């Protein structure tokens, strides 16, 4: 075993451990901000694995899109939400937990059988390496054209949806009135009523100017 | 369609205009780079205050007649005049006099109105202390003569811009005895008197 | 095409000639570029902070640092030492882990991006196939660090500053990337070496700035916003946010933020010079000059001359842009957050898209001039 192979194996181990640990942290940690930051760690470890597979472009795209955009937006979402709600324990929480576990185990079993069932024919063709951008582009505009276009339509829909949500005037009035929430740290506003302007007080009539009153 | 095109052209025009303004601003900043630095390396160099500089007030105890005009003309009645009436001489006798320079605004009204000229402005301006109560000068402190910048061996005196010779902008290394641009006030006065005599 | 100076090859050859096995010689080579990047980037920052002080002083008719060394040149070292020996405070209610991690996450990607900055044909650490794309993707990590720092400080100004920094950074990344894409389209490669190669041959006339004037402007504006330089220094707008995400930081952690922002400025200037101003190319093409004087390209002294001229030219162009950034700092007032986002999304993004389409159309129409 020469030096390069050793480095590869060691870094694969480190990256895999990092990824698994971070992923478990995302799921198990109580603090949601920690989970979000650890998600970034998961994405970066995956990018590292891509680099080990000689797919530099995919790794950079992974970092740019998942770490730079998705994860930052998740963090934004967490940090900008200003809703304080008391934690109410659900009554039949165990049902949900068990269902989740069942679904996860099922998924794991499915993927496991898929991994075992697939005949992994490791191709001996030279790795694309630096020319991978060309190869990816070729695939996008030939045999993967339909998924590519569908993905772009999906993104367009998300874009339009975001604009519609951001432009409040398109929302119906009734919905807005329902969700009227008091801004934080202000008291609910009451109709203003001056004590002096109560009926019967002498100051109420507008006609009396100070000179008139002083007479 | 035409309206849209007009909108586009207007937008482009505005963008170009903004870019031009930024360019103008940049040229102003760039121009400033080759101007003379106005820095005075303060503790080592000091500007010579002008003749009408309004600095710390000097007070002459013996001249004061305790008339309290300074207190009356002061915008905040700052000077404290402590006197008692001497029945034998039938005159006011001044005991203490003090001005708090932490509060004084150096407007010079007291100096202007003092009937016996016992108050005068000095050119002392660096009144720095660690305790603001030390800025309350009593008659002894007020009677001290100011430190002259030109006589301090630690300090290199610098002339202000208006006192430099014609065409000179930098006060460093002026030859001794170089005259400032224009005539001195006393020369102008002399000339006026001569002209009046004619 | 001659490959110029190959430092790595000659270093390894030297060690092998001394009797070391090839593997060991390669391992011995490994730390050298890393060290070079760290030292080079830090030196660049030291020079930049000194320039910033001196140019700011000149723009305000002051003298600037004068007593620390000749012309005050030791002042950046004094700054750095001060930050190193200052007490490193972690606020009592802060999240100490994230608080410590934040500056590191901001700084590391910036330093990593220096791997692909070329100073000559072979004078760069790695000629990656993904080239500039690496820089774009690495610079998108920084907002995570800023958000981390802002959140962990447990201070509302810090949090607001971090959120602003992240918002600014992700919204200006898009025009930046789009203007880079236009360049890449012309050079048919993401590699920084190829991008500079494509500009060489015609001296100053071949530089991309003439073919991509709009892209150049967009790139420069977006790069300033990415570096959080004035007029886009909203995240640390001291009048509203004290110092933004840096508020609670002191000592060397603050120093890391400071270093990171200046390294980023130097890096952006270097990238502008590589992408738009012909990188290491001299104003007149050296190769044609040499052939005109009938000097062989492989003459050693010519190679050394070309190499050093390349480094000097790249640095000169970069520092010219740093100078422009400092001048802009004292010219333009800070924009408001809504103006900033308006400029990013409503002006730079459409204009850069139009620029991209225009480049594609020009490339199809004039394949000779726009890299067919």
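Per-chain residue numbering starts at 1, and chain names A, B and C are given in the order in which the chains are listed.
Here is the rule we go by: a contact is a pair of C-beta atoms (placed from the backbone, for glycine too) under 8 Å apart; a residue touches a chain by one contact, two chains touch by 3 or more.
In this text, all values refer to a predicted model and were calculated from it rather than measured experimentally.
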Considering only which chains touch which, how would you classify the arrangement: line, ring, star, complete or other? line
Contact-count maximum falls on chain pair A-C
Would you mind pulling out the distance in Å between where the CA atoms of subunit A average out and where those of subunit B do? 62
In whole angstrom, how far does the Cα centroid of subunit B sit from the Cα centroid of subunit C? 48
Taking each chain's mean CA coordinate, subunit A and subunit C are separated, in whole Å, by 29
Shared-interface residues of subunit A (touching two or more other chains) are none
Once bound in the complex, which stretches of subunit C touch subunit B? 55, 57-63, 66, 327-328, 330-332, 347
Taking the complex as given, what residues does subunit B use to touch subunit C? 15, 22, 25-26, 28-30, 32-33, 35-39, 41
Would you pull the subunit C residues touching subunit A in the complex into a rising list? 23, 26-27, 98, 128-130, 133-134, 136-138, 140-141, 143-144, 147-148, 151, 159, 163, 166-167, 170, 173, 190-191
Residues of subunit A defined as touching subunit C within the complex: 2-3, 33, 37, 40, 44, 56-57, 60-61, 63-64, 67-69, 71-73, 75-76, 79-80, 129-133
